[in-house]
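Note that the chains take the letters A, B, C and D in the order they are written out, and that residue 1 is the start of every chain.
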Amino acid sequence: MLGTLNLMTQEGIRNAAGRVKSGKAYSLSVPLEAEGPQWPPRQKLWRITQFWNDLSNWGGSCDAVIMHSHSGTHIDALSHFWYNGKMYNGFDGAEHVTSYGATRHSIDNVPFIIGRGVLLDIAGWKWVEHLGLGEPVAADDLDQCAKAQNIKVQSGDIILLRTGWMRVFAQDRALFDRGEPGIDESTLPWLKDHDVIAIGADNHAVEVIENIPPTDLPIHRYAIRDLGMYLMENFYLEEIAADKAYESLVVIAPLSLTAGAGSPINPIAIT
Amino acid sequence: MLGTLNLMTQEGIRNAAGRVKSGKAYSLSVPLEAEGPQWPPRQKLWRITQFWNDLSNWGGSCDAVIMHSHSGTHIDALSHFWYNGKMYNGFDGAEHVTSYGATRHSIDNVPFIIGRGVLLDIAGWKWVEHLGLGEPVAADDLDQCAKAQNIKVQSGDIILLRTGWMRVFAQDRALFDRGEPGIDESTLPWLKDHDVIAIGADNHAVEVIENIPPTDLPIHRYAIRDLGMYLMENFYLEEIAADKAYESLVVIAPLSLTAGAGSPINPIAIT
Amino acid sequence: MLGTLNLMTQEGIRNAAGRVKSGKAYSLSVPLEAEGPQWPPRQKLWRITQFWNDLSNWGGSCDAVIMHSHSGTHIDALSHFWYNGKMYNGFDGAEHVTSYGATRHSIDNVPFIIGRGVLLDIAGWKWVEHLGLGEPVAADDLDQCAKAQNIKVQSGDIILLRTGWMRVFAQDRALFDRGEPGIDESTLPWLKDHDVIAIGADNHAVEVIENIPPTDLPIHRYAIRDLGMYLMENFYLEEIAADKAYESLVVIAPLSLTAGAGSPINPIAIT
Amino acid sequence: MLGTLNLMTQEGIRNAAGRVKSGKAYSLSVPLEAEGPQWPPRQKLWRITQFWNDLSNWGGSCDAVIMHSHSGTHIDALSHFWYNGKMYNGFDGAEHVTSYGATRHSIDNVPFIIGRGVLLDIAGWKWVEHLGLGEPVAADDLDQCAKAQNIKVQSGDIILLRTGWMRVFAQDRALFDRGEPGIDESTLPWLKDHDVIAIGADNHAVEVIENIPPTDLPIHRYAIRDLGMYLMENFYLEEIAADKAYESLVVIAPLSLTAGAGSPINPIAIT
């Protein structure tokens, strides 16, 4: 049921915490709001506030929040994607996912993801503002970038993949929504061999997409359905990359949404 | 604007991370769902899944989520509560909070709250299953409990207050919704003197309430409006208390809801 | 339970249908959308579309709709308003209205309101574009306007009250939201004596309000709580008034929202 | 843009009103609620009430409503369905329908549908409780039923098709959700030749479906996309059929949801 969460050990968490040096922490979330980044065809996040005011001497406010579980910065549950009728671990998709939610692999099976975060700043390593629309990141790029950053990806790591694409969101929303740079199919064995728990990227879908909607999502198929790995999207990595904080203690705390297919998150990195 | 967040320092975070011993981590969230704990008069959290199935060979699911920002395990923004027309730092409530949200003290001003978590297990210290309806926890109780646990509350700490009341949620929902045990007005100077950043409790509202709806919420008035301190509610503290994990690295990562008055959270404690 | 619905008879409906002359019909609804007219402190209506496109050769769309039951053109259920703790017919408000909805007087008790519609075009009769902010319409105004229009209000009628205020919505939203012209307390005996079933007006709240939020809503108190009469708001009466169609067959068809406190409506007048 | 609304004339409305005899009226809506009838894979309708109680001497309640535009008793806009990339009148689906809504053929183009309602009580004519799962209603059945009822379908009519299937909703929800009886492809020329404005049925989708989800929806394709005709679903026809009220004045008043693909409705029939 847990997929790559099985790679998360107390030892790994302890070691990751032991690497904290400065105590400087980063929120890797974009603003969660109606006009924030999200998969273009999707329902838009929205927030409404009801308020009361100086009734019986008090004032206050609280909100009704309507959102998509996969908009803004978010994590995909293993129930988010499958193919050929079968989910991760061979569960039948039609049986376990209905309009009432998922009875297998829902996000409330993920209490947290904690481990060493490894920032692979591909855009920084390539000395570009951001990668281009449809520009692939290959397995070899991941290796070379890690080497250039003098870091070695290990079992239990959480990869933070920076393509710079989130800069495009602010500069040219139409371009941002047309597709994205991201990892390509050559990374499939890399993902398996490196035993990472999760990968979060500063784009819609982690993987390279030339046109949205795409005709295939091979990384989603392979990582979620075949490996049981956690994909995380729309990360804000500008500040942590500016600090060249390639190593950190990363804490991912999904909302415990019963039967949900994912959750918005505010990922935290502590260096 | 930040209230007690000013007490959060890199040194405090570094020291808290340095206390991690075993690497065992805890999710302090209850399930976030329609029937979860929440302030009785409030709108109920809900989740709906839309799914697609074996279209073009893929399957998948995602959710539309409708929720109250203050249901289940959650944090109050400083815009959540005020009195005499004035919010924390003297801002005018009617001017800054409308049906469009808060223009001061909204939850997106809180990127994270990280620090040493100090569990004060009042129910454990009193050797009871749980405190009773309307049973107050006084400043002296906090001090004695800390002493019994051999721990000293310091500036920058995050208090985890356990009354055992969340056990009542599972056993007797009607009783749970009638009121709660919690801290009383004698703790107001204590809260100020100890410079804690935030306090999270295993009940609706942190403070003692004999009847819901109450005629006053003095802790809300004082902590939020006067001190700028963060209140957090409906924590699940059973597992961490069973382990007597009185000290931990606590990471609170509110959703970055633009203009929101609070956020559901999944608080993480690492020991 | 039904209040003034008891005044709706088959004879009244038959007679109203018998008055149809031209067959010209009117929708008296404003656009129902986030930026449409609504009580300023209220949660905003919102609509999201999910779409699918050319999957297996089909395309299509459907919507998730989030709205306030009392935004845009709408009807108030008798559970919408009460005072001194008692609802219409003496039911206890705290007992019968909770966050789960109303167990008395909810909108699903109103299958329809059908009868003769009588347009009282106060702005037209006064030869003004629209009445002013806080300008009262007194019982005597109603009588004189009816007389000038050569129409007599009868038991079972549905009053369409035109102040012209909806013109202000398009011209000056801030002014529209500050208050409104409407009927004043002198109309309370008039409402009772004329045995009308319902009254719909082209403003927020039917009644005159100098400042929103108001300190009292006497028409709501009296009409809803004491008379069991149906108030309807934000009607679009420009077209029907331009045609001087003072008499019509009016059909009000609230959504059958179980336990709801009101419903958006699209009122129809046939002349 | 209007499709069969072009068949709605003042003369037709006047004549329909002229047929009102008794003044007895019917609501043809089922309860609109989370557990009401709806297309099984769809998001569930929900309603939440916020209430206030005896504050400053008043009490009251209003609701936040979350619903699917196509759940419960509802009408399909012409933007709801298309094929081969083209909507009614040749508009491009991908261009005109996005996650922001429809820019062609949305429901706010339908101010009302008014005309003579013709109840074709197929189940009554066949002397059965209800038609069976997957049982087709052919063009010849429509003709014979009309003849048996001594009624002639004319241009501008609104067909109320009763299969009795709504009885199954109460008796056996699982069966109701598995498929339905309804009109088959032989009715396609019948629909075109009779120039009806709209057809409402007591099932999910008007047309016969053996298994949900179906592999094709030929009536949706032809009626909506090719004819521009309005389909309406989940009608409650038990009471009007029991009265053998085959002819009525029918008033359909969709909510004026800007850019929406449909609307819940409370259809009214007056006899």
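Everything that follows uses one rule, which is that contacts are C-beta pairs under 8 Å (C-beta built on N, C-alpha and C of every residue); 3 or more make two chains touch, one makes a residue touch a chain.
Since the structure is predicted, the reported quantities are computational estimates derived from the model, not experimental observations.
A.B. asks: State the pair with the higher C-beta contact count; candidates are A-D and C-D.
C.D. replies: Taking the two pairs in turn, the one with more contacts turns out to be C-D.
A.B. asks: Looking at C-alpha means, what's the farthest chain from subunit B?
C.D. replies: D
A.B. asks: From the C-alpha centre of subunit B to that of subunit D, how far is it in Å?
C.D. replies: From the centre of subunit B to the centre of subunit D is 48 Å.
A.B. asks: For subunit C and subunit D, let me know how many angstrom lie between their CA-based centres, rounded off.
C.D. replies: Spacing between the chain centres: roughly 26 Å.
A.B. asks: Report, in whole Å, the distance between the mean C-alpha point of subunit A and the mean C-alpha point of subunit D.
C.D. replies: That pair's centroid distance is 42 Å.
A.B. asks: Would you pick out the residues of subunit A that each touch at least 2 other chains?
C.D. replies: 41-44, 48-51, 53, 64, 66, 98-100
A.B. asks: Can you list the subunit C residues touching subunit B in their complex?
C.D. replies: Residues of subunit C touching subunit B: 40-44, 50, 52, 55-56, 64, 66, 98-100.
A.B. asks: Quick one: which bits of subunit C touch subunit D in the complex? Just the residue numbers, please.
C.D. replies: 9-15, 17-18, 20-25, 27, 29-33, 42-43, 47-51, 53-54, 56-70, 72-73, 79-85, 87, 93-94, 97-102, 108, 111-112, 114, 217, 221, 249, 251, 253-262, 264-268, 270
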